[in-house]
Structures are given as C-alpha cells and as structure tokens.
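Take a look at the structures listed below.
Shared between the two complexes below is subunit A, which has subunit B as its partner in the first and subunit C in the second.
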Partner chain A sequence: MQRSDYLIRKLFFAVATLLAVIVFNFFLFRILPGDPVKLIVHSPRMTTESQERIRVNFGLDKPVWFNEEGYQEAGLKGAFDTQFTAYIRNLLKGDLGISFSTRKDVTELLKERVWRTVVLVVLGEFLAIFLGIALGMIAAWRRGTSLDTGILLYGLFTWAMPTFFFGIILLMISGGRFPIGGMVTPGLKPEDGLAYWKDVGWHLILPTLTLTILYLSEYMLIMRSSVVEVLSEDFILTAKAKGMNAFQIFRDHALKNAMLPMVTIIALTLGYTVGGAIQVETVFSWPGIGRLMFDAVQKRDYPVLQGTFLLLAVSVIIANLVADLLYATLDPRVKPD
Partner chain B sequence: MKHKLTILLTLMMATVLILSACGGGQEAPEAPAPAEPEAPAEPADAPADEPVTLDVGTTYIWDTANPTFGWYGYTIRYMIYDTLVEEMGISDFQPGLAESWDVSDDGLVWTFKIREGVKFHDGTVCDANAVAWSLNWTLEQDVETFAFYLYNFEEIVALDDTTLQVTLSSPVGNMEYLLMYVWIMPESVWGEMDYDAMMEFEDLSAAIGTGPYILKEWSEGEYLILEANKDYWRTTPVIDQIIYHEYATEDAVVQALLAGEIDVTDTDSIPATAIQTLQDADNVEVPIMGSTTIDELIINSHENGSQPASLWDPAVRLAMAYGIDKQQIVTVAYLGYADALGPVVPASMGDWHNSDIVDIPFDVAAGNKVLDDAGYVDSDGDGIREYSDGSPLEYRFYGTDDSTVARIMEIIADGLEQVGISAPPTLMDEDSLIALYPAFDFDLVYWGWGLDPDPDFAMLIFTCDQREEGGWSDSGYCDETFEEKYVEQGITVDHEARRALIWEMQEQLFNDRPYILLTNAKNIQAYRSDLFTGFGTATGDILWKAALLQGKPAR
Partner chain C sequence: MESQNRIWTTFRKKPMALVGMGMLAVALIMALFAPLLAPYDPNERVDVVPSDILAPPGEGHLLGRDDAGKDVLSSLIYGARVSLIVGFVSSFFSMFIGTTVGLTAGYYGGRVSNALMRFTDFLMVIPDLPLMLVIISVWGRGLWKIILVISILYWTYTARLVRSQVLSIKERQFVLRARALGASNYRIIVRHILPQVMPLIIAQAVLDISSSIIAESTLSFLGLGDPTLISWGMMLNFAFERAISRKAWWFLLPPGIAIVWVSLAIILIGNALEEIVNPRLKTHHLFNPRNMISLMLAKPLLVESESPPEVTP
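And then the complex of A and B:
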C-alpha cells in the first residue's frame, strides 16, 4: 500500500468518527429523562401559549427523528421534518443552536470563549513540554543516581496530585497576592493595549503554574523511559564502539529516537486543548470553554453542552489524525501494511 | 556526586520556590495588598472624593441583559428597574413608583398615585402614562418573565400624569406581591420592537429603567459594572459603583472575600463549612438571615400513584413524622444554620406563618405507639411492620445525587427504621427524579425549594389542577375543601381575612401530610465590616435593593 493510501484511510476513519460523534451528540441529550422546555420555563405561572411559543422557538415542537404525522401528510419529505434533520441542516451552516439560558448562538459563545482557553492551555502545555522533556532527559542521562530517583519521585508525586486540589492549595497559600479568579480586572479592555495584556498575564500566573506543574510530570516520565529504552539499544553500543563520546551519542542517536513517542503524546494532548482544562478553569474561574461546559452542566444548558462536546470531539479527532500522519512521516518503521 | 546532589536539590527546590513565590512573591502593580487568609487586606484610606466602589462576589451574574427572557440575576435587575411596589423585608411590601393606592369595594378597580419627577436612565419621563404604556406592553407582548403576574388585568389607563387606574376581571388578594415582579420599562427602548426583535435584543440598553443604578458594562462569565443613577428619585445612592465579579465556585468567592478582592458575597455563595472561617476572620461580618427556603419529605398523595396502600393511612404518616429527627438534620446538614419546620409557610414570612401549629416532635416511642395502636405489627421479626394485607411497610425513597442530600436522607431513613418503616434512600439525577413526577411513580421524595414572598404559590402546588401535565404538584395532593379555600384566598383583598384562610390551609396540610416539612435554612452572606456598614438584613439578602441602598462606607 502506498503512503497516499495510508493517508486516505486515516482521513476516512477520521471523517467516519466525526459523523458518528455528530449523530451520537444529538441523541445523547435527547435520551435524557424530562422535557427540555421545563428547563427553559422557570415560572409555574407561565401560560401554556407562552410555553408553546418557547417550544417552537427552540425547535422542540417537532418530533425527534421521525415525523409520523408529516409522513402521512407529505410522504418522505414530511417524515424528515424533525429535530434531527434541523440539527444536521443547521450544523452544516455552522449553527449549533441557541443556549437555553442566555439565548445566545452557541457558535458565538464558543467563539468568545475558545481563544481564552487556548491562551491558558497552550502556555501551560508549552512550559510543561519544555520542562518535562528537559527533566526527563536529565533523569535518563543520570539513570540510577539519586538525581534520577529524585526526579522520578517528584514526577510521580505531581502526577498523582488531583488538579483541583493542587489548584485550591495554590489559591490558599497565595492569600490574595495573585488574583483569586477571572481573566482581567473589571473595566480593562483589549483596547487598553499593554495594560490589558499585563493584567491578563497577572491573572494567568496561578492557572498556568498549576497546569505546568501537573502536566510536566507526564512528559517527563515518558521522556525518561523512552530515552532509557533507546540507550539500551544495540545501535547505541555500536555508536560507542565507533568512538563517539557520550554527549554525541545522546544528541545524535538517543534523543532523536526517544522523541517519537513524545510527538504522539504532544499531538494527542494538544487535541484536548480547546476542551480546556475544566478543573483548572473552574478553580481559577477562568472564563474559557471548560468553565462554559461546567456552567452548562449546572444549568442543564443542553445546546451549549452539545456544542462544546462537538468542538472537543473535532479537536481530538484532528489531533489524532495529525499524530498518525506525523508518526508515519517521522518513523520509517510505521509502514502502511 | 556532590555535583549531582546539587542538581537534584536545585530541581527539588524549584517547585518549592515556585510555590513559595505564590505565598510570598513580590508585589505586582494591580495586585491587592498582601494579606493572611485570616485577616483580610487593609487597603489604604481612600481620599474623600474618590468614588465608593462595592465589589460583589457571586457564582453567577446573570444570563442576559434583556429582562424579557432573563431569568437570573434578579437582585441586579431590581437595581436597574423599579416596580410600583417594592419588597422591604420578606413579605413586607411598601410603595415604590406608586406612592399610594386604593381599591374599590368590589376589589376590581385599583387606583395608584404615581410618583412625580421620575425619569428613565435615558432621560425620558416616567409618569402614569409611561407606567400604563409599560404594563399594557407587557401584556400585549406576553413578556415571558413577568406578564403572567398581570393575568387578570383587564384595563390599564392613566387618568392623568400621576393617576393610574387598573380594572381587574376578578379581585386579587395579593396585588402588592404581583406588582413587585412587574418592572416598568421605557417606551423609548421597547416601543418599536415586535416580539421577534424583542427576543433577539442583546444590547445593554435593554437595561434602561428608573432604578438607582445604571448598567455600564457586562462581560459574560466575568464581571458586571453598575453605576449610581444621580437622578434616582429617592436620593443619589451613596455607593457610586457596584462591580459584580463572577467566580466558578463558592470556595473561590470565600477566598476572594478573605483576600480582599471583593467586599461582599452573594447569597448561596458560602458553603456551610466556610462559615466558621469567615466568622473567625477579622473585619468580616457574617449576617445570618431568614429565608423562604424549605426542605420537605414528599409523600405520594395521588390517588392514581404507584405508592402502596399503607401510605394512605394517616397513622403511618403520623408515625413517620414522629420518626424524623429534624434537629439532627439541622445540626448535621446545616451546621445549625436552619430551623426545624412544621407548617409549610416558615416563620420568616411574618404573619402568613401559622404559629398555632405545634410541630410533631422526634419521638420514636410515640411513633411506635401510633403504629401499634393502628394494628401494624412486625410478625416476622425482621424489624419492619406489616400492613393488614401482610405487605411490609417498605417504601421507595428518592432524592437527588448530592452528598448533603444523601446525609439528610440517611438521617430520615434511620429514624423511620426505628418506628418499623423501611425506606432505604435511592439517589438519582435531578432530571430522572423530576421525570417520575408526572406519573406519580414514587413513594417518598426528599426535596427542597424556595417559596415566593406571598403564600399563594405554596398553596397553589397542592391544588388539583396542578397535577395535570406541566403542572407543579409534586405530592399529587387534591382536596375539595382545600381547593375552595385556595380560590377564596385568591380573591380576598382584606389581609386579615386572607391570613385566616392561609392559616387554615396550612393546618389542613399539616394534618393530611402530603409533605412532612423538615427545615427552613438561613440565608448567610459575608461582608467586609471595616469597609462597609449599614446593609439591611430584613429581606434575607443584603444585595437586595432595599438592603443594599442602606449600605454605606464604614469610614
């Protein structure tokens, strides 16, 4: 099989997964018990007409997936006058529906929130990747020494630490020296230029620190074990026999090979970037996608949940695809069969 | 080796240093002054001419600036809009935009004297004509958030600039309460809009009213800024600016108060476990206030429900009441910040609460005696009594999946077991639980909710019509006498006569027990007493308009 076939096959699987997610995402929120209109109608005194109008506005007046009445009246065309076809039609137009609580377009809500999450998570991930790789290399290079043991212990300790717990501890010991929550001091806007970004940076410190400290352990442990594994390979012995010094071996042979699993793990983790670090965003009240999801769960705002789920699924599918493709490019052993 | 150790120590110290940087790091330009969690920051004295800003911490600001479909952020909306009647304390209604009012003898024609010199935030006049326009518009547009309060308003006219006349289709017993929910909105903003335009209106000008504060800015999920309305008809508010900060969790709100980031917390923003910490902190005042929140054990009382026949026996219901240790629920679940409750209307609602009702005490012996006398015996010795048909007194007992709810349900189940009734708790998702109501497919449910400041709704949910689809009955209770009294209290304008009816209805519910009432929780907030003082506590919420307008800087 050719490389192009491999590409097509991977693309095909990605698209198939996406379609499955889209369908699943629709039915997931419809199989839940209860009438969604009850979630929008907050007062027992609201008239039946008002309730009906809300039902129509949110497209909840139609059957979920098969319109029997419509089928008898207008055949197949009427049969598909349903919530499901409306959902697919709107999705193709980039319309993810209207939030039950804010009545805003879910697409707009996601657009407002996504960059805030990306700023936080990318910064945290970047620092974690950089420090994780560095510490992992040092540990592998000094394998078996007390330094290695120390790094390993540190990695296991921070890896085992629950995110929200660590975040709360940071909040408590910071005692007000850093902002308790939010992204910016009320009143500052992007138009204020440097002052705004300085303030955002100030608000970023605690959540980024939490993300970095907790995420770096995963990179560090994987980096360490893959370097250790590579260092025990025969070609390293050959390199030694050729007279290369330890640094050269490490740089030219061990590192390059050890980076393979790292690429996969980085690509996969970045897939979760837009999903946000729900716990970190919640602990530090960071107004990103994760917070949006947390609030939507609390308010049972199903259209928003549906939108965030879809966004998360799409980014994970894309990241997986990128990882597959990168892997095939980087590692000649990954040959399509 | 020494070198390696140095690197190791450096690395190990790195995290410690980063952590300690948080704890004792250098000052940043915008940061508040350093403070210990126990002792909030002491900001430098503000110069006399600097505007007074109140920072409020909440877990949710609101859903939208448009009040025609916004269901959240009521305390903020009341800062922006006025109503004809205002709530000054729980169930205490006083003049708002209406200075005074009269009602005809038949209870059908209400005449209001509208305050003079009131202006909307955009400068347009708010006289009787504007009020009449607003009320008529509310009805014509069928504004989903408050039109239903005007359900029997037949004609609304301004007789002159200061006189508003309302003709009703039938008398109402709670006019002041109904009007407290109907905001007066300006024609200048809403006059040209049709229904669809109204439902899509997102602009901040949707928040133009006659209230003491003007909406200046709102960033969704982050903050909202209100500025004092210098032309407010009472007096210019002392607090020049209110900033509402949104935090994701209650714990963050508490931390923000202790760190000096906010001056006051919203209601529902203090976990019970944090109360002691706040009370111990210097310069923090923690008012414990009355509320209309009630918790109850619902007993399925629908004749077509799926409950066992024994649950209909008044003796079984009475024995259950004897078997529930409400005081333990208060102590364990509310850490003491609640009162045990007998009748459905709590004491916080003033004279609507039937104070003649003596609650059934927790008395296992008395409960057992009631069941013994009624002939329920435990013939097979398994600890559970049996009904006359031989079936054991075993009930399905549902509640929502929440740790506090679980604890309360355990206390109830333990107590019931002591009188020979088995009701092991089953926890489920709120949606799943609500889905059981229409078919009345349960025996017992633990539930809690908040009453309106008028007792009408608390009675409405026990009426027969509310059992239909879309209704709000959760017990399935339906009784002819109760029904008649409900209708009568609805049209009784005289307060004393209506109060007597409401008392009778509470007594009937207390004896029939579709609900066994458990507790009435306290409202708890906290504020920086070194910075602010004077907030009213009568409404159970120091951020409520009447309460907040009394607040002022402490220095």
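And then the complex of A and C:
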C-alpha cells in the first residue's frame, strides 16, 4: 500500500468520525424530554417574556434541523437557519455554552482544567508503557517459569479490577501518608513557586499510581505475546545459527517487530484510559476534565456534559490518527512514495 | 459434537478454568438463593438508632451495617443479582449483534462490509465510559437502559473477530462445495460457517461478561445505577461518599471484592476457553529448539485473525 493512500484514508476516517461525534452530540441533547428553557431557568417566577428572550438568545425559537418557513422565504439560505447551524457556528467560534450550575463559560472551564487531566493521563500512560514493555519482555524471556506465570496472573487480576475500586484501595492503604484528594493543599498558590509544584506532585502520586498499575498490564501482555511470537519465527533460528547471542537477537529482531502491535494497542486503549481518568479523578477529587464530567453528571449540567464529552471524544480521535500516522512510518508494508 | 467434547475435555484439565468455575458457582448460588441466604431483607424498612449507622461487624451483622443502618452482608448477597443479570444479558446481546455484523460483513464483502466495518471502527474510537455517562444521563437511570447501552457499545470486538474468521473460512473447500451444490447463502452461513466460528464467539462472549459487569459497577459507582435496585457499584457509591472518612472498611471492601471475584472468575474461564479454541504459537526458539519440529507439524485449528484477538476490558 502506498503511504499517501494510507494517510488519506486514515485522515478521511478521522474527519468523518469527528463530524459524526459532533452531530451525535447535538442530537443526543436535543432529545431530552421537556422544554430546554425550563432546564436552564429553575425559577418558576420568571415571566413568559423573559423565557421567550432566553429562547431567542439560545436560538431555541428556530427549528432543530430544517427551517421550512425560511426555505420558502429565502431559499436554501433560510432553510439552514436552524438550531443545528447555530450550534455549528458557536462550535467553530469555540463557544460551548454556559454551565447550568455555575454559570461559567464551558470553554473557559475546559481550558482551565484540561492540562490537569493531560498531566495525569500522560504521566500514567508513560509509566505504564515503560513498565509494561519491560515486564512483558521479562515474561517472554522467562516463558513458562513461575515468574512468567506470576506476571500473567497479575495481568488477569488487573482486568478484573475496576479502576475506581483500586483507587479506593490505594486511598485506604496509604493511610494518610499521601494527600487523599485535590490538586494542592489549600492555601498554596502558584506564586509560591517550588513549594507549590512540589505539593502538586505529591498530590499526583496516588492517582498516577492507580492508572499505571492497572493499565500497564495491557501493554505487558501484548509485549509478551508479540515477543514470544517473534521469537518463534524462523529468522530467529537463522540469527541464532549465525552466532548472534540472545541479547543481540532480542534487540535487533524481537523488539523491533514487537513495536508495531504496541503502537496499535496504545491507540486502542486510549479511549479506555480516558474512562480510567474519569474514575481516578472522581476518587481522588483531581480537578480535571474527568472530575468535571462526574460533577456534571451529578448535577445534570448538560452543557458541561456535552462539552466534556466532545473534548474527550475529539482528543481520542486525534490521538488515534496520530497513532495511525506513526504506524505508517513503522510498518514496512506501508511503502513510502 | 466431537469438537465440543474435545473442548470440554481440554477445559476440564485446566486448573485455572476449574478455579474460575468454582468462583462463579459461589456467585451464582448467592444470586439464585439470595432470599434464603441473606440474613435480612435489604428492601425492608429498618428503624435505626444513631449507633447503628456504620456499626462495625458484630453479632447479627457479620459485615456490619451501612450508612442507613442496614445489614451489609444482605445487600452484598442481593447485589450479585444485578451484576450477573447485567453481565450475562448484555454479553448475550452484544454477542448477537457482533456475530450478525461480523458474519454479514465477512460473508458478503464489498460495500456492505465496508459500511459495517467503518461503523464498527467509529464505535471503537469513541471512548466508552464518557459515551455511556452521556447517554444514561440524558436517557435516565434503569437496569434495562444500562444493559442496552453496554450491549450496543461492546459488540465491536466480536464483529471484527467474526469477520476476520469468516473471510478465511468462506474460501475453504467445504464452503465452496456447498455453494456448488446450490446451497443458499443463509444456509451456508448458518450451517457451514457459523459452527466453525462459534467456539471463538463463545470465548469472546464469556470475556465480555466480565467487561459488562465492570461497566455496570462503574456506572453505578458514578451515580448512574438503577435507583430501585441494590448493586455492588451502588453500594460502593454510598460507601465512598459516606464511609471512607469513618474508615468503615466493612462497607467499602466487600462490594469491591465481590466485583473482582466475579469478573476474575469469568476471565479465568474465558481465558482458558480462548486458549483452547484459538491456539496461538506456544513456544519460541531461543531456549527450546526441540520445539521447532512440533511447531512445524502443528496446524493451527483456525487461521490467525488479522487483528490479535486480545481483549481490552
């Protein structure tokens, strides 16, 4: 396959997926029962005129999908004067609406919190990938020994363990040695410099550990099985016959060939990791996107829910695209132009 | 059938599979005989005095009391019902959807296959938990809603697995022969292809039970469980909000351990099944060159699928 064909196909799929998510996100929140204005305005004392004004402000007086009146008056241009086009317009401007519960701008809320989640997920994933590769290689190397069995059992165990429960266990056994929640000890400010960042790091330990310990097993098992598979190929026997020692064979053949499935699996598990971040942030009150989503679920804060979902889905789609592009440079079957 | 007998005989020889069966049996008994086993009825109203709230384990209450003064052990026993129902029913539904999609895409190929597989890819890319949270928040809480949401999201692996198997099976001699004899497409799929793929589908469905159970408990923990039923996830939701500051381990740990217990049981069974029906290469040359021969002689039961059938829980 030509590399450019492959890239165009992947790019096209990513764009199509993005559009589908945006359309889905719009319609899901339109099928809510009841009047959306009633959801925003909790006070029954509000006059009908004020309610009408909100309706116009939010574009809710227009049809959802197709404006028939507008079509008759102004042709195609009028036909698309709808809630959907207003939603798309706002989205392009980066306007995700206003939180029902805090009245804050959803985009601002997301901007304020996104880095906290990025730090948590990237750190957790990085450690998980690193340790997973190492443990997977050891298990493949010592295949059939009790060490290998132990590593496999650990993998099965992490599959059975819900992320939130593991977080709770860590919280309980740490017994107050680590901060139990939040991002920083109240009172400390970024202006405090080093002391502030040290405190943040201290708060990061338990949430990161939860993600790392549970999510490394996926990488570990993939690494193990692909190394085992590579080691059973004929070219390994040839390499051995040539007189290469075990370490050289491992480095030059086994590891290189095992990298491809690793990239695939990192992309595949990203969506799963995002789900893990929601749970970990909930358990440790880490004030990121996941915690924001949890709070929005509790308060039925639909604009925030919609915004967080869009952000998480879009990030995972883009990360998948990046993984696909990386795959193209790693896989020799995808030929360069 | 002979092949089923073979699978069963091999299965019985795997210690991990037997341990899994035993663990699952305990949970099944708890769920089936909950009213007989539970010392109290968890739906019964109880009059409590302040000291009953989160009372530690003691006489009459083996696992102590919860934040409402109710017996933790009784809720734990009843909670097995929700987990097992959600696990088995969702996995059955997703097996059905996944098999149908996979068979159609693999057998007919062309545009149908393309459209179906792109849709499968689409669902695989969207992060599961956020999507489930959003749908249940909008749609409302309920046991059947949770089951349906899990089923319509978790069929994708089965579909891919089935499709890749069908692609190779449909070119085999016996299928070509059946077609030459004038068998209909439906007959070829149901009588000739499906039986070949079935063992793999079952292994995948068993593993899906555990993913579904974990998904349900996560949703319940995040406050989206069926409010009319006691589930382990919901117990953890209450316990996390109210018992963690009082270090009431008897309310926090049992429901979580129960979730791990059941899903581990199912993973042990599913893993053993998968190993039997999908034998991947069992050896490598570096340490054991003798196996070279057995490797060359061994014919895999089923052709390797294009994507590794590893399961992401």
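Following the convention adopted for this analysis, the second predicted complex is superposed on the first by the 284 of 337 C-alpha atoms of A that agree within 3 Å, B and C clash if a C-alpha of one lies under 4 Å from a C-alpha of the other, contacts with A are read in each partner's own complex, and residues count from 1 in each chain.
Quick note on the criterion: contacts are C-beta pairs under 8 Å (C-beta built on N, C-alpha and C of every residue); 3 or more make two chains touch, one makes a residue touch a chain.
Model, not experiment: these values are computed from the prediction.
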Query raised in the report: Should the pairing of subunit B and subunit C on subunit A count as a clash or a fit in the superposition?
Result: clash
Query raised in the report: For A:Val64, is the partner it touches subunit B (first), subunit C (second), both, or none of the two (neither)?
Result: neither
Requested in this report: Give one of first, second, both or neither to describe whether A:Ser232 is in contact with subunit B, with subunit C, with both, or with none.
Outcome: second
Query raised in the report: A:Met172 contacts which: subunit B (first), subunit C (second), both, neither?
Result: both
Query raised in the report: So, A:Ile138: does it touch subunit B (first), subunit C (second), both, or neither?
Result: first
Requested in this report: Could you look at A:Val283 and tell me whether it touches subunit B, subunit C, both or neither (first, second, both, neither)?
Outcome: both
Report task. Please work out whether A:Phe294 is in contact with subunit B alone, subunit C alone, both, or neither, and reply first, second, both or neither. Result -> both
**Report entry** First (subunit B), second (subunit C), both or neither touched by A:Gly150
**Finding:** first
Report task. Kindly classify A:Tyr272 by the partners it touches after superposition: subunit B alone (first), subunit C alone (second), both, or neither? Result -> second
Query - Contacts of A:Leu260 with subunit B and subunit C, given as first, second, both or neither - result: neither
Query raised in the report: Of the listed segments of subunit C (7-15, 43-51, 259-267 or 277-285), which one clashes with subunit B in the superposed model?
Result: 43-51
Query raised in the report: Taking the two structures together, which residues of subunit A meet both subunit B and subunit C?
Result: 32, 168, 171-172, 282-283, 294, 300
Report task. Spell out the residues on subunit A that touch subunit B in their complex, using ranges where they run on. Result -> 32-34, 38, 42-51, 53-54, 57, 101-104, 109, 112-113, 135, 138, 142, 145-147, 150-151, 154, 158, 168, 170-187, 198-199, 202, 206, 209, 213, 281-285, 287, 291-292, 294-295, 300
Query raised in the report: Okay, in this complex, where on subunit A does subunit C touch?
Result: 13, 16-17, 20-21, 28-29, 31-32, 140, 143, 156-157, 159-165, 168-169, 171-172, 218, 221-222, 225, 228-233, 236-237, 240, 246, 249, 261, 265, 268-272, 274-275, 278-279, 282-283, 293-294, 296-298, 300, 302, 305-306, 308-309, 312-313, 316-317, 320
**Report entry** List of subunit C residues in touch with subunit A within their complex
**Finding:** 118, 121-122, 124-131, 133-135, 137-138, 210, 214, 217-218, 221-224, 236, 240, 244, 247, 249, 252-253, 256, 259-260, 263-264, 267-268, 271, 280-281, 283-287, 289, 292, 295, 308, 310-313
**Report entry** Residue ranges of subunit B touching subunit A (in the complex, touch as defined)
**Finding:** 4-5, 7-8, 11-12, 15, 18-19, 22-25, 27-37, 41, 60, 63-64, 66, 69, 71-72, 142, 144-145, 147-149, 151, 199, 202, 217, 219-223, 225, 243, 245-249, 251-252, 255-256, 258-261, 429, 431-432, 434-435, 457, 460-461, 466, 470-472
